[in-house]
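The structures considered in this document are given below.
Below are two complexes that have subunit A in common, paired first with subunit B and then with subunit C.
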Partner chain A sequence: MQQFLLKNFDAVRTAIAILIGMLICVLLIILVSSSPGDSISIFLFGPFSSQRTIASIFEIATPIIFTGVALSIAFQAEQFYIGAEGAFYITAAVGTAFAVSTSMPWFFHIPLILLVSGTFGGLWGLIPGYLKARFNTSEVVTALMLNFVALYAGLYLINNFFRDRAAGFMVSFRLPESAELSRFIDRTRIHWGVVLALVVAVWAYYFLYHTRTGYEIRTVGHNPKFARFGGINVFKVIIIVHILTGAIAGMGGMVEIMGIHRRFNWQDLPGQGWDGVIVAIIGRMHPLYVVAAAIFLGYLRVGGQQLRLMSDVPFELVLVIQSAIILLITARAFLSQWEARMVIRQASEEAES
Partner chain B sequence: METILSIQNLWKIYPNGTVANQDVSVDIKEGTIHAIVGENGAGKTTLMKVVFGITQAKSGNISLRGTPFAPSQPSEAIDAGIGMVHQHLMLAPELTVAENIVLGVEPKRGGVFFDFDTAVQTAQETSEKYQLAVPVDKLISELPIGTRQRVEILKALYRNAELLILDEPTAVLTPQETEILFQTLDQLKEQGKTIVFISHKLKEVKRIADTVTIMRAAKVIDTKPASELSIEGIAELMVGHKIDLSRVAAPEHIGPAKLSVRNLNMTRDDGVEAVRKVSFEVAGGEILGVAGVEGNGQTELVRALVGLLPVDSGEILVGSTDIARLSPKEIRQLGVSHIPEDRMEDGVAPLMSIQENIIVDRYEKPDFSTWFRIFWKNVLAHTVGLIRDYRIHAGSPKHEISSLSGGNIQKCVVARELSADPDVVVASQPTRGVDIGSWEHLHSLIVEARNRGRAVFLVSADLDEVLKLSTRIIVMFEGEIVARFEDASTVTAQDLGPYMLGIKRQEESSATVSA
Partner chain C sequence: MSTLLESIFSVEFFFAVLRVSTPLIFPALGVAITAMSGNINIGLEGIMLIAAFTGVIVSIYTESLMLALLAGVASGIFFGAALGYFHLKLKADIILAAVALNFLASGLTIFLLIVITGGRNTSALRSLTFPSFHIPVLRSIPVLGPILSGHNIMTYVAFLSVFVYYVVMFKTPLGLRIRAVGQNPDAARSVGINVDRVKLYALMISGVFGALGGLYLSMGYVSWFSRDMVAGRGFIAVAAATMGGNLSFGTLLGSMLFGLVNTATIYISSLDIPSDLVQSIPYLATVIVLAIYSARNFAPRKRKAGSAHHPENEHHEKKP
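Moving on to the complex of A and B:
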């Protein structure tokens, strides 16, 4: 048991942080709700109450897996490129423009759209990447500014050239059917994008931990001076990381349009880029853990929606629990005393035997 | 004499299960200089970290002037009058020397705002008072490591430490600087301060210490008055056999030049000329030693040789290729390897595993990877081999490299660089911080590389090392070569001294003389 706990200490710590966060949330519900018992069960079990709600978890998680995995790659290289939000948005706009202006059979159309949006997202990521690698401009600042550029450029593009005036809203034309990612479970909106997201996550894991470039990325993240000393081309790594992050996040945006909305209907930044930051941190920048974190975030979100629909508890509460959990997980010292005590007990037992 | 610090039956076990201190007891008397010696990984640093509150013991008692003392963080130790200079320096690189010295106890204007002028002034005064020269208004990141070391010492002295812990302070100092430091320490002792001094240089221990504690494998072997011990005696207690300080035999065969530097000039960021008209050659089969007080251009020169700093003018030839404009990687591919002077800054990524640190220069080799995959099994086997061959004390190759002791991290770096089987070895302080047993062992490995026809360029603050290994010696002062000794076998430290201090110089710095 002790052995097991020690081996998986990080996972255990995360689990406990989640539990404590949930506990705080339950306490809050008890404080604010007039029928706390019902509210708590809606919050905790509501997400599993129907096929529809379970599906929602995965629908919400799908784009966040893309952005979370994208950001994990950047964060592993210590690049705080937080432009996933902008890449997600503008790539979806550009991808939509491309999709509605072309027509061909779906088995050409879908891969081509993904290729175009991935390429565009990569180019979008290249901007802060090049500025960082060449002039050491802070990628945080450039990415934040580019998020606004993305928003207004995207709106301009869609509203002026691809707006469906018949729709009555500010939305683009509908994607041709050949560009839709089909939904494969009845009465849900789960679409093939979820499979793509998982493929991307597994690939990113393999890429980071089992390939040369992945090793270079992690080494630059740990100590760029050492990387340079050892012969790694730091410039190249920074560029690659930004391109990949932009490409994956951007593809995620287009996949969301192709699978869920079927037309571009975002009049504002949709927020999945920021959710990506959250799950990248909860998942400790490990692509596979990021998948779990994204699903967990989806579960929290659905629980929150259920609460809002069916109880007197405000939706903001969900945000509170999220923050509590993230704070606990990111605090490195959390529970480390406990870990130390366990190790010491074990080591002294061994020393004595 | 009063006991100022008493450690009784102390146990320390690290989170990964390493027992670093096992039932350790030491008494330190007030107003003495107490040396702690022992092989790499013996637990010296750990013991001091416990005293300083950086890490906590599992069990045991510490008392300070008779009262129980168990600091849970360094600030408690500092408040209790303890100062520590760490083995791996802990300064803020983007702050100035003055700011670093006063950090945490800054002078404030109006009680709120940092008073930079007063900080500079007090730093300057402290520097003069203890005769440790530092440029108070420079950024730490611009300074060579030896100067940073002095800043650390000043920082502790500025806080009025009564008990000063120095963890291998002389590892990065030249003999002259060491002597100045020792005079300072003697002075401090006269003022009633107590000093704990960790070093692998037994000559220094003999010179300065009143009492010596010898540690081995997490335990205290013995504590004795220094007067009862000889250098040989301490060495034997530490490593179990006698240490050979005699020079290595001259090489039998010297080949053609493998590294040639011609008329090299370099300027530092602040506009000061760092390297001036430097020319030399290193042939296959010989070791060219560079003597000089640290900070006289050696750091810049070395970094230029491996592509980490640009040059203003001049040529650096490896074989017949000019590498002055090549990247570090291209230079490595030409068969140059580099042991950097600061292992924690350039030599390793502290939080990556030992094996990930070992492969930084070779992960693209077919043995270790193809374009789509790294063969971690082969990497592991390779690392296990190096750990064995270079006698590194390490648990698993998958442990973080920063969980090793300082000397063992150094051995990992040397293992990587020598096992690359380079044509040219650029070694800067190759044995910094390793114990005397490993010192000998690493020397034999360097000599072996030489005997296989490799060219070795050796920069070291350790004159014993330069004299022991070098085939030829050059001396650098203020960026220039001021003396050349074509036959190192007859040169003594006394011969080098005046050149190192700039008192003497051979007329034509390009001229050659034999000693």
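Moving on to the complex of A and C:
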């Protein structure tokens, strides 16, 4: 048991953090709800109550898998590029502009749009990446600034050149049908983007854990000095992770438009880039765990929506729990004393035997 | 064009610039003081929101402006200290911890708003507000008078805070320690400075500045709390402070540049100028300024060390 706990200590820590988060949630519901028992069961089991709610878990998770996987790559190299939000947004705007101004059969159109948006997202990520690699400019600050630039540039592009004035509100023209990712389950909005998201996650896993460059990325994250003395080209690694993060997050934005909205309708940053930070942390920056984390986040969100509809507990409960969970997971010293005690006990047991 | 210039170079315009800059100056000082201690604080967004909320709720229930102010500032200090606790004691990365705290602030304020007042997006009850006042002598100066006089008291506090920041930072032992810790933590430690404690103090002071900014938003700028009302000002503050090199006067100018552009976009929105593009200019400018700063700082160090030496990476290194 002890050996098992020690071996998987990170997973145990994460599980305990999630457990504490859920416990806080139950406590808050008991505090504020007039019928706590009902509210708790609505929150926990509501997401599985119908085909529609189960489907929304995956609809919510799809774009977050993209941004979460994207950020995992940057975070693994200890690059705190928090610009997924901006990349997600502006790439969707540019991708929409490209999609509505071209027309061809879908089997050319969709791959081409994905290629264009991936390339654009990569270039967007390259800006903070180059500045960080070349001049050691804080990628945190440049990415934050570029999020705002993305917002205003995206608004400018859509509202001035691709705005559908026939629609009553500020949206772009509708995508041509050849650019739509079709929905493959009746009466849901689950679309082929979910498959793309999984492919991207599996590819990112393979890339990070089974290729030379992936190894270099992780080494730079663990110990940049060691990486440098070990002959790893840190400049190259920093550039690569930023490009990949921008590309994947950006592609996620465009996929969300192609699968769910079918036209660009964001007048503000939509938030999936920040959600990506949450699932990257909960999934401990491992692309496959990030998929699970995104589905978990989707589950929490749908639970929150159910609460809002059917109980007296506000949706925002979910935001409180998710931040409590990621706070505990990012706290590296959380439970570290317990771990240390187990290590000592294990060592002394081994010494005795 | 001449009407545009007339409306921009009007007394009302510059009055509005000061008003719009106020909730940027406070958090920018908060960012600056943490930056001086060697940390990037992107948590001002959450600190402002929590303080804005606390102020409104306390003012509604106690009908005392003083208590609202104290409670708001206390909530800011608490939030700053919480960020410090997670970063310094529990070894969380400060960027990720701040992102988490921003989420927490956004959720917690609305959660409590609904539970306490029943309002879904805004507080239905109006809060007390900080008073505006005219400065007797200043008021009678022709052009400057109407621009500088008649503001909310928090606007004057903001300008005073810039001076306070300067004094604390450059004229007190605490300021000296903060700068020492920021420039070279190992050297600071070697002369007996408790590095973690100094960083904690910097975060707590940044909580005070952030709280004042948040309080002004909900109890001066408007008189209610609404969902996510800080609207990115905590992030703009990072830009403003960075642009000003985290110095007192520079941070003030940086904040006012953003205030100026934001006000101008309101004025030109009726004209045929793409206001979206205009609004993106200060952010782009920040990226460029930041790149130039770091290029300049980077060049000599590189030559001295003989190899690419990244102090930032060391700061982010995983702690054992």
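Following the convention adopted for this analysis, the second predicted complex is superposed on the first by the 323 of 353 C-alpha atoms of A that agree within 3 Å, B and C clash if a C-alpha of one lies under 4 Å from a C-alpha of the other, contacts with A are read in each partner's own complex, and residues count from 1 in each chain.
Going forward, a residue touches a chain if its C-beta (ideal position, glycine included) is under 8 Å from a C-beta of that chain, and two chains touch if they have at least 3 such contacts.
Not measured: the values here are computed from a predicted model.
J.: Under the stated touch criterion, which partner chain does A:Arg212 make contact with: subunit B (first), subunit C (second), both, or neither?
T.: In the superposition, A:Arg212 touches subunit B alone.
J.: Looking at A:Ile185 after the superposition, I want to know if it touches subunit B, subunit C, both of them or none. Which is it: first, second, both, neither?
T.: neither
J.: If you stack the two complexes on chain A, which partner ends up touching A:Met104: first (subunit B), second (subunit C), both, or neither?
T.: neither
J.: What's your read, subunit B or subunit C touching more residues of subunit A?
T.: Looking at subunit B versus subunit C, the one contacting more residues of subunit A is C.
J.: Touch check for A:His222: first (subunit B), second (subunit C), both, or neither?
T.: both
J.: So, does A:Val199 touch the first partner subunit B, the second partner subunit C, both, or neither?
T.: neither
J.: When the two structures are overlaid on chain A, which partner does A:Leu27 contact: first (subunit B), second (subunit C), both, or neither?
T.: neither
J.: Given the touch rule stated above, what does A:Ala167 touch, subunit B (first), subunit C (second), both, or neither?
T.: The answer is neither, since A:Ala167 touches no partner chain.
J.: A:Val320 in the overlay: touching subunit B, subunit C, both, or neither? Say first, second, both or neither.
T.: Touch partner of A:Val320: subunit C, not subunit B.
J.: Using the superposition on chain A as set up above, list the residues of subunit A that contact both subunit B and subunit C.
T.: Residues common to the subunit A contacts of subunit C and of subunit B are 222-223, 225, 228, listed in rising order.
J.: Which residues of subunit C touch subunit A in their complex?
T.: So the residues of subunit C in touch with subunit A come to 40, 42, 86, 89-93, 95-97, 99-101, 103-104, 106-108, 110-111, 114-115, 232, 235-236, 238-239, 242, 274, 276-277, 279-280, 283-284, 286-287, 290-291, 293-295, 298, 307-308, 310-314, 316-319.
J.: Note which residues of subunit A are touching subunit C in the complex, please.
T.: Per the stated touch rule, the residues are 28, 32, 78, 80, 82, 127, 131, 134-138, 140-142, 144-149, 151-153, 155-156, 159-160, 222-225, 228, 234-235, 274, 277-278, 281, 314, 316-320, 322-324, 326-327, 330-334, 336.
J.: Using the touch rule from the top, collect the residues of subunit B that touch subunit A in their complex.
T.: 11, 13-19, 22, 58, 306, 308, 327-329, 332-333, 338, 340, 345-352, 356, 359-361, 363-364, 369, 371-374, 376
J.: Residue numbers of subunit A touching subunit B in their complex, please.
T.: 210-212, 215, 218-219, 222-223, 225-233, 339-340, 343-344, 346-348, 350-351
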